[in-house]
Each structure stands twice: as C-alpha cells, then as structure tokens.
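Each of the next two complexes has chain A plus one more chain, namely chain B in the first and chain C in the second.
For the complex of A and B:
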C-alpha cells in the first residue's frame, strides 16, 4: 500500500528563516499519525503545505501517491482538514455553517445531519456558532472536515485550548476513525502524552526538522532506562562513585545513573557495599514519553 | 459556480448587507424630499424640463453615495471571510480559487444591481411625490438608476480586491473613502469619476453615458478577472 501522505525533502522558508527543512513524512492507510513538535516547530507550516495553502520553497508533497501541485483538486476531494483555530461564520448557526460548505462542494443534504450526530452537535445545531464553546466550535470544524466523506483527515491541534474532558472526547473520537470509518488521520499536537493513547505512528518535528518517525514503542526503545539507587549518605556515596569514573547525579536524596547494563549495575552495588554504604533500593526507571520528547527536542537545541 | 453563489447567499443571512442596500436609496429619497419640499417653486422655474431638474439635484449626491456604497459592500463581503478565518478552510476545499474569487465578485455585482433597481424605484417615487406631471419619463428612471451603478464597477472590483488581500478593513475603507471624495475631481479618466460621467443628464458638460457605461462594465470585468488571477496565486498564510 502506498503512502496517503508522502513528503519529499519538503522545505519552506519565511524570509531568511528556514521553518521546515527536508521533511520526509510518510503516513500510511489506517494510521493515526501523531505529528508532534513544540510551539513554533513548523507543524502548521507543514500542514498548510500539505493542503496547498502555501507552496514549498523546495521539495514536494504527494497525497494518495499523486503530486499535490498538479493534482490539487483531485486529491483534495479525499481530504478533510482543520487548520489551527476553527473557521466559522459566527452569525450563522452550526447547521448553516455546514450548509455553506455543503453547497460549496455540492454534497447531498443528508450529510449534514450525519456529521452533526458524528460529532454530537445535533442538539446545538440551530444555535448561533458565536454562542458555542471552544470545544463545540472545534467539533463543528471536525464535522465540516468530515462532510465530504474523506479518506484522510488532517487536524492541526484539534485539542488546543480544550479542558481535559474535551481533550479526552476528541481523542476517543479520533481513535475510532480508522477502525469504524476507514479514515486515516494526521493529527498535530505539542503534547506527546496526548498522542500516547491515540497515535499508531508519530513524527516528531523540532525546529523544522523531523527528528523521529516511527511507532511509539520504537520511540520508547530509543531511550535507555536510568537506574535509581537508594543509599544511606547519598552525598558521600556520590563522591565515591564519581571518583571511580561514574556519571552520577543526585536528585531528592537518591542517586541516578544513565544507561547501565546488568554488569555495571552489579559493579556499582558491589562498590557501594564494600565502602560500607547501606543500599536499600536499586530500581530501573523508564523515562516517560514526555521526558523522551523533551530530551529529543532539548538535545537539538544545544547543538 | 451556481453552488458557490448559493453559498454566498446563505452567508449574508443576518448581516448588515441587506440593510445597507436600502440605506443609499432611502438617503437619496429623503434628501430630495427635503430639497424639493423647501424650494420646489425655485427649482422648477429654471427653463429646463422637470426631469433634468430632478436628476440635476440628485447628481450632487448620487455618485458619492454609489462610490461609498460599493466600498462598504466590498468590505463587508470580504470582512465576513476574514472574521470567520474562512480562507484557510475554503481554499483547502477542492474548488477552483478563480471561481471562489469570481463568486465574490459576482455577488458584489448582484448587490449593486439591486441598488440600481432600488434607485429606479426611488426616482419613480420622487417623481410622483413631488408631482412632476406627465409624461412620466420611465426610460430616464431606468437609465439614472443603472448607468452610474454600472459605471462604479471598476471601483467596486478594485475595492473588493483590496478588502480581500488586506485583513484589517480600516485601510481599504480609508482608501475607498478618500478616493471617492477626491479621485474623480481633476480628471474624467480615473474610475472614481465614472459614476458622475455616466449620469444621464444633458446639462452637465460633456456627459456621455453611452461611452462611460461600456467603459465601466468592461474595466470592471477586467479588474474582476485580474483580481481572481492574483488571488489564485496568493498563499494563505493566515486565517
């Protein structure tokens, strides 16, 4: 199966600043692809290029295997999108907003009620959208993206500004899309934890560059666990270990050492015991996804 | 294109646009009622026919009103999209950008034609209210309503383009108002002079609607097409 989204050395400059650099994204059928990056990483810029709203400075976008630049309208029939904050005519009702898009695309009337119930806005459909909560506006935007029965949904930070309940609701909704409706999704976010439950694949972008692409489990394997030692007199123990060449950090009264294998761990325990420190705990600590994310994106900055 | 226009029509629902259409013609009626109410005898004693007197008085107001009306309508049609952050949504749909812009232009032309019809009715109303006698010059009402409105098309299309490419509407409206006030004073050739050039009145020197109305329509359509071409190749970086 070919890629639904493929970008080839996608690059974009704003003035002198290179905002997106040599991006090679691959999003396959049936995936929820989490497109992650801190603020200003270039997520929205990339998404705008995926939709043909702005042009790449270099490189190209292929959707459904076809170059976007000369098949724009053909491929966009299969794509639904929500870019940054939702678009809505505040003076119209939710239903009328969908009707505007329905008319533009010449879709059957029934679609409106279908998408309204999909995002559970049926009750609020005849209220003016300016009276909607942010979560409702966000859901209306998703409804509008689903109107044309897309095969691919591109959502730019759909949970931005929502409360935890709202985030959870949208997250569950997105997770169901591939299985229930056969819709693949690219969803951007600046929180890895948010992706943990819903994304099957992630791409991490930092300062315009893709620094990781793969499954979440691969991402977790990439980072070595740390070992935590609970010892009596940790300060003194740290000195002793450091004098023997170990990189030891002291946090909240406990010693932390990065990337030890079994042998090394045993050596350290042995050393501590011989020096008459009481060792009451040795524990392997896997970094949380958030720590991995911060470490990945933090390292880049120090280069 | 029909679909796009149907969407345009729905978007106007509940906005100021329909009210604004009536504002100009009502303003004209009120001004003329006051004018003729106060000095009907004096006005009608000039040795021209009654229609020439009416259109002569109206021509003090009509061109400026049409220019400002076109500026405001263009701005409202664009502001609706800016405020909705709708461009990034609409332009990511599988639609021709040329047609998206074109439908805005046609919508604006449609609204101006409604204004023209209201002006025709206003002249008829004034004729009977002031009691200017027979024969009733229906053909003149038609010309007086439609000619200056058709001649405003170049300015309308220019304002539409400005209002769409500039987010903050203060600037295009400022440009529109300043040009409406001063753009037609020194020359007949700038588009801001076309509405007055196109008023069907014999006493105004060298007034030649037969020339200026086709020029207005032609240049208006040309500017609509140029605007649509420019719009098609623009990037959508913001809303």
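For the complex of A and C:
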C-alpha cells in the first residue's frame, strides 16, 4: 500500500539545537499511526513541517506521494489538521467558526450540521466559542478538521486537557475513523497507554530521532516476556539456579528470569522439581509499553 | 479569484462591525467639530477653506495614521489571539491570497475613513451654517490624495502587525512615530519621505492634481512597493509557530 505520509531525512534546527533529526516517517493508508514521544521530543515541530507551517532545515515531506513544497495546496485539500492547542475565533459561535472554513473550502451548508453531530456539539453550536470548555474547543477543532472530508487526519495531542470520559470518547472516535469513514490518522501523544488503545502503527520519537517505527504488535514482541516462578523457599531455589548458570532475580518472594523460550522454561521447572522445590506457579509476564519504551531509549526517565 | 472572494467574505464574518464603526466615527467627529466651531474670522481667507485645513491637520496628523495602524492590527488580531493562523494556513489556499485579502480589507477601511471624514465635514458645515463656499473638487482631491498617501504606512503597519502578536506594541510604536509627524511635515526635505507625515501633507487642500501638493507620486509608489513586498515576503515565508 502507498504511503500517505512519507518524510525523507526530515530535519529541523532552532539555533544550534537540532529539534528533529533525520526523521523517516511512513504512514500508510487505513492506519491509525500513533506518533509517540515525551514532552519536547519534537512531535509538534514534525507535524508543523508535515503541514507546511514551518520549513524543514533539511529533508523532505511527501503527502500522498507528492512533495509538499510544490504541491502544498493540492495535497492539503485532502488533509484535516489540528495542531497543538485548539484554534478558534472566540467571539464567534461554534457554527460561525465552522462556517469560516466551510466557505473557504466551498462546501455545502449541510456539512456543518454533519460534523457538529459527529463530535456531539450540536447543542452548543450557537454558543460563543470563548464560553466553550477546553474539551468542547478540542472537539470543535476536530469538527473543523473533518469538514472537508479529508483522506488523512493529522491530530496533535487531541486528548490534551480533556477529562477521562472525554479522552475515552475521542479515542474511540479516532479508532473508528479508518473503518467507518476511510480516513487514515496520524495522532501524536506522550502517553503509551493511549497509543496501545487506538494505534495500529507506532512511531516513537525521542530527542528528535525516530527510535522505533512499526506495528504495535512488533513493538510488543521486540521485548521478550519475562517468566515468573512461584516457588517454595525462593532464596534457596535462586542459589541452586544461579549455580547452574541462570540469571535469576528475586522480587517480592518470586523468581524472575528474562528471555526464556519454552525449552528453557521446561528445563528450569524440571530442575526445580528434581531438587524438591515446590513449584506452584509459572507465568509469562509481558512488559508494559512503558517498560519497552524505557528499554528503547535506554533511559530510566518517565514519559 | 473565487478563493480571494471567499477569504474576503470570511474576513467580514470575523470582523466586529460595531468596533469598526466606532473607530471610523471617532476621528472625523473629533477633528471636524473643533475646526468648525473655531473662530476663523480674523483672516481674510475663505472661512470654509480655513476650517477644512484645520480639520485636515487634526485628522491626518493623528487620527488617520493611528486608525490605519489599529485597523491593520485588528485584521490580524483574530488570528493572533487563539491560534487562528495555524488553522488558516493549513487550509488549501496560498499565503499570498490570504495576504491580499487582508490588504484588501485595509484598503477598504482607509477609504471608508476618508469618506466618513469628508461626509462629517460636509454635514458639519451645513449644521453650523458656515457661509463661504468651497470647491468640492478640492475636498475630494484632498481625500483621495490622503488615501493614496496612507498606503505605504498601511502596508508597513500590516507588516508590523504580523510581527507582533500583541495589540499594544504596534499601537505604541504607531503613536510614538505619529506624534512627531507634525514636526516632520514642516521639513520640506524630510517630511515627504516620512510615512506618518505623508497623509497630512497630501491632504492639504490645493488647486493642483491628485498627490500634487507636496509629495511626489513616485515617493508614494516606492513606499507602497517596499512595505508591500516586504510584508508579503515576510508573510509567505515565515515559520508559523503560534
């Protein structure tokens, strides 16, 4: 399948600081692509370059296979976007805000009611946007991005500042976009758990560099599971296993061994049973995405 | 062309019309009323022409240049305050067209301001019953000259409004540079090249052609080109980070 978004060695410098470095993103049709990275990683900077709001210091952006710098208007017809904090005209109503974009794109009037109901803002449509809550402003932003029936939606932290119910609602909404409306999505976030819920593909950016790109399942496979053994007399059992060359750690009265395959697991159980330890539990524990992320960056910092 | 018209009609939706009206009315009223109530009888000259000259001095010294700046800032303000630029600039329209739509609005405002000024003066002369007559031609020529002469300043103000997000900074710059324009206008070598003095010089009533008074047409043209092209290049090339 073709790439809706492709960046080639995309680089952006601010003064001496390289904020985005040699980024090669590939976002395919039908995906929800989670663009993940901690605060200050360069997500917004990348998204601005994808939309032509700022220019790369080096490298290229292609949308729908066409270079952005000489096909900007043509490809932007097919893109809806929400960049960072929501944009709005506070002294106008929600409906008037949408009317501004509708006119610009020359769309039929009914489209406004359609997108309003999509994001469930119909009731608040005639209220001034400065009186909207942050969540309502976010939803208005999404409505405006959807107005032109885009093939690609680019959303920068759309759940920022929402309450849990609002976050859940937006996530479900985003997950449904490819199937229900044929809209592919690039959505940025600094929360791994969020990506786990809605993304099919993930790109992880850290200090401006892409440290992982692939499917969520590949990401999960990338780090092998750990096996947890519940054993009687764990301290003694640890000694015995260590004396036979296994790397065993003892945590909260249970034994943990990294990266075992089936055979090795069976060997260990056999060994423990022969040495007359009672083995009451053997369990495979998949690492959380948090842990995977920490391993990828090799840093013990929280997101 | 359709895109340009759509952009202009959007500017119209966004605009707070009552605010524009207030701004347009203030200058003419505060310059026309004092000029007509003032006693000009000590001179031999045409009373009405004296009154008009006084009104022009008031209006074109402070109100017109500052109003132009306020309009330029207002046109950008709706995008400046709540992230409107990024929303507007990710739409499939060229930045040049957006720039032109803003310019068009500014042209419209400044022209309307001239119409208001002239109308206020005419209504005022009737109201106060000033006897002398004045040639329409002189007044209309003065208004048109003033409008043309404010265009370099208008383009410059638009550029400045792109640069600063706040309303205050461009406003303060504008006042600080407008006040000395009355001194600048005294100087024949410097005045005609000072954008804040140009409208005043151009509006001084005279018998010649449009823009014939004391400023050369080419000075205005060069001013429009420099400030217009500068602002346009800045706008289409700038990194939009807000």
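Keep this in mind: the second predicted complex is superposed on the first by the 239 of 303 C-alpha atoms of A that agree within 3 Å, B and C clash if a C-alpha of one lies under 4 Å from a C-alpha of the other, contacts with A are read in each partner's own complex, and residues count from 1 in each chain.
Definition applied: contacts are C-beta pairs under 8 Å (C-beta built on N, C-alpha and C of every residue); 3 or more make two chains touch, one makes a residue touch a chain.
The structure presented is a predicted model; accordingly, all values stated were derived computationally and were not measured.
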Following superposition onto chain A, is the placement of chain B relative to chain C best described as a clash or a fit? clash
Just checking: does A:43 make contact with chain B only, chain C only, both, or neither of them? Give me first, second, both or neither. neither
Pick one for A:206: touches chain B only (first), chain C only (second), both, or neither. neither
Output check: A:21 vs chain B and chain C. Expected answer is one of first, second, both, neither. What do you get? neither
Of the two partner chains, chain B (first) and chain C (second), which one does A:91 touch, if any: first, second, both, or neither? both
So, does A:171 touch the first partner chain B, the second partner chain C, both, or neither? neither
Taking the superposition on A as described, I'd like to know which of chain B and chain C A:51 touches: first, second, both or neither. both
Common interface positions of chain A, toward chain B and toward chain C: 48, 51-55, 72-74, 76-77, 79, 81, 83-92, 96, 99-101, 103-106, 141, 144
Which part of chain A faces chain B closely enough to touch in the complex? 48, 51-55, 72-77, 79, 81, 83-92, 96, 99-101, 103-106, 141, 144, 148
Spell out the part of chain A that touches chain C in their complex, as residue ranges. 48, 51-55, 72-74, 76-77, 79, 81, 83-92, 96, 99-101, 103-106, 141, 144
Chain A touches which residues of chain B in the complex? 3-4, 6-7, 10-11, 13-15, 80, 83-86, 88-96, 235-237, 239
Which of the residues in chain C end up touching chain A in this complex? 2-3, 6-7, 9-10, 13-14, 16, 78, 81-87, 89-94, 239-241
